[in-house]
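Order as written gives the chain letters A, B, C, D, E and F; numbering starts at 1 within each chain.
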C-alpha cells in the first residue's frame, strides 16, 4: 500500500556547459549556445518524490513541511541564486547538465532521507526540457 | 502494447488534519496550521489513469467521456464543495491527508472499473504538494 | 514611463457563501453548493500589482522581496489555512465572494503602500474563476 | 544510473473519430461529437522521453537539441497544421485517437533512436485528456 | 468600486485560414500552413470578463455559474468540436482568425449580458498566440 | 474595433543586480542574493502585444509569424543564452532588473513596429514576479 508523495520547489541559477578537456571548437560544436563562457541561466523547478507507506497515526507518508525544509536546507541554500559552475562545489569538475544536477541532488538528499523511503528527483530546466533520476 | 489513458477532474473542498487520539498540543505540533479546528480548504486536481490495450474497433483503451462520468458520479458528487471531515463518510475516522484521499478514491473507483485495467490515482492538493497511489 | 510590477502569492482557505438575512431556501437557490453550511475551500492565487516609475538607482519600481513580505505580514498570516467566515474579522458580516475578498485585500494593502503607487488586486478562486479590483 | 530525459513539443491538427465499418448511428453513439464529419481539432502537446546513462564526456543522456530536431523532422512536419485523417498516411485506416497517435509516434521515432535508449511517448490531446505509451 | 469577474471555458475546433478572393499562391504566401485546405485545429481557451459593481445582497458582480451557462448555451454548443469554417454560420464569409472569432463571440454574448456590465473577450488559440477584444 | 494580439516567446539568461556607484555592503543590503557577483539566471517569458484594427483582407491585426520573427531577430538573438550584464550592450550601464529589461525590449521593438500599432511588453522573470510596460 505504498504511496508516492511529492514536493515542488524552485531555484534560479546561472550555468555554463562545457568540457575542459575539449577545444573551444569542440565545446561550441557540442554545447552550442549553452557554452557561452559568460554563462546563461534558468528557473529550475525541482520535484522531490518519496515513496513509502502512510503512517497510521498521521496519514502522512512524510510531512511535506519537513521535506520542504530538508530541500531548502540541503539544496536551495547551496543552489538558489548561484552560479552552479563557480559557487557549487559539486560542479567544479562535473558539467552542470540537468542530468548531472538531478543526480547530485539525489545523492545529497539520499543522506538525509531514511532508507525506508524510495527517493526520486524530477528537474525541469525549462518547461520543455526535464529529467528524472532514477529512471523507472 | 498497453497504453495508459488519463482524465483530469477537480473538486474544491474544506478539511482539517488531526488525530482525535492526540492532545491539542500534539496535533498542533504535528499538523501545524493544517490543524485549524475551523477548517481550511483546497482546489484538488484529480488525475485518474487506466492502463490497458486499445480496443481494435474504437482505438480507445477506455472512453474518456465514460471515465469522466464515472468520476463525477462516484467521486465528485461526494467530494466537491464538501467538508471532507464532516460530509464524507470515509473520513469520519480517517485523517483526510492527500495520501488517504487518494487511497479512498482508488478504492471507490476500483469497484467500478473492470479489472482488465490497472488503476492509478494522482492527486494535487496544491501545485506544490501531490501524491500518487499506488506508487510505482 | 510607468511600469506595472506584480507579485504572485497564494493561500488556502475554507469559506461558505450565504446571506444571513435570507432563508435557507433562498440561499440554496442563489449560492447552490457554495452554500454548504459545513464549508468548502480553495487554493487562492493572489497577484498584487503596483504601478509606478522605476527608481534610477535601483531599476526597481518596488522591491519584490519587500512586497512579498508586506503580503505575508498583512494578508497571508490572516488568510492562509483559515476559515474566512469564522477566522477573518472582515468577513464576519461580509460574504467572502472572490469579489469581496479582493476588495478587502486591496483596502488592507492600500494602507501599507505609498500613494505614489497605483495598486491592483487579481484573485484566482480557481483557475476558471477570477476577479480583478479595481477594474480597468 | 539511468536517467530519463524528456523534450516537450507541440502540434496543432484536425481529426475525426469514426469506424468506417460502422453505421452513422453507431459512430454517433460511440464517438459522439468527436465524430463530426467536418472534423474538429486540438493543440497536441507531445513529450518524448529517452532513458539511458549520461555520457561521461558531455553529461548528457541525449542532446535535447538533437532530440528536438528528430521530433521536428519525423513527426511535426507530418503532423503539424494537418488533418490527421486525410493528410497523414498512418491514419488512412487507423482511427486517430490519442492512443493510436501515441503508438504511431513511438513506432516512427523508434526507428531513429538508438536501441540503447528506452523510448516513451506522452501525448496531451487536451490538458484534461492524455495518454502514455508504453504504459509502465 | 467596479470589479472585473472572469470565467474561463474551452472549445476544440478545426479551421482553415484563407481569403476566397485570392489565388492559392497568395493564400499560401499570407497564411502559410494555416491555409491547409483539409483544415487543422486548436484547443481554444476562452476567457469572458464582465465589469460591474458587486451586488450588496450577494457579493457577486455576476454569478459565475450563470455566466458559464450563458457561454455554454450561446458559444460552446455552436463552436465546440466543430469545423469553424463549415459548421459555424458566422464564418461562412469571415476568416476564422483568432481576432475574428473573439469579435464574433463578443457580439453574440453582448446580446445576452445586461448593458450595465462591460464585456471583454480573451481568446487563446495556443498558449503562445492570443487576442483580446475590445483592446484597452 | 481595436483588438490586442499577443505572442509569447522565451529566453534563458544570466544576470546580476547591482549599482556600481554603491559599496558592496549597500548592494548586498538592497539586492540581496540577486547581487551574487558570479551571476544567477532565469527562464524569462516574454509577451509582446500589439493593438490595432484587424485587416479586412486577412482578419489579422498583425501576422503572429511575422511578429515571432521580429522578436527572434531583434530580441532573442541578443538575449537568449546570454549574460545580460556582459553580453548585452544595453545593460552595460543599466541594471538588468525586470523593469529595465522590459523597457529596453519595448524601445528596441518600437523601432520595428509601425506606429499604427500600440505596443506593450509583459515580462515574467519567474512565474511569481513579472512586469508590464507601459503600465495601463
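Convention: a contact is a pair of C-beta atoms (placed from the backbone, for glycine too) under 8 Å apart; a residue touches a chain by one contact, two chains touch by 3 or more.
A quick note: this is a predicted structure, and the numbers were derived from the prediction, not measured.
**Q** Spell out the chains that contact chain A while also contacting chain E.
**A** Touching chain A as well as chain E, we find D, F.
**Q** Based on the averaged CA atom positions, which chain is farthest from chain B?
**A** Most distant chain from chain B: F.
**Q** If you line up contacts by residue number, which pair in C-E, A-F or C-F shares over half of them with D-E? Let me know.
**A** Selected from C-E, A-F or C-F as the counterpart of D-E: A-F.
**Q** Write the angle of the rotation needed to overlay chain C on chain F, where the fit uses Cα atoms and the result is rounded to the nearest 5°.
**A** Chain C sits rotated relative to chain F by 120 degrees.
**Q** Could you give the separation in Å between the centres of chain B and chain C, each centre being the mean of its C-alpha atoms?
**A** The computed centroid separation for chain B versus chain C comes out at 28 Å.
**Q** Centroid from C-alpha atoms only, then distance chain B to chain F, rounded to Å. What do you get?
**A** About 41 Å separates the centre of chain B from that of chain F.
**Q** Could you put a whole-Å number on the gap between the CA centroids of chain B and chain E?
**A** 34
**Q** Taking each residue of chain E in turn, which ones touch at least two of the other chains?
**A** 127, 136
**Q** Mind listing each pair of touching chains for me?
**A** In this structure, the chains touch in these pairs: A-B, A-D, A-F, B-C, B-D, C-E, C-F, D-E, E-F.
**Q** Quick one: in the complex, what on chain B touches chain C?
**A** 10, 12-15, 33-34, 36, 38-43, 80-83, 86-87, 126-127
**Q** Contact residues on chain E for chain C in the complex?
**A** For this pair, the touching residues of chain E are 1-9, 51, 54, 57-61, 63-65, 118, 136.
**Q** Which of the residues in chain C end up touching chain E in this complex?
**A** Spelled out, the residues of chain C in touch with chain E are 17, 19, 21-22, 30-32, 94-100, 102-103, 127-136.
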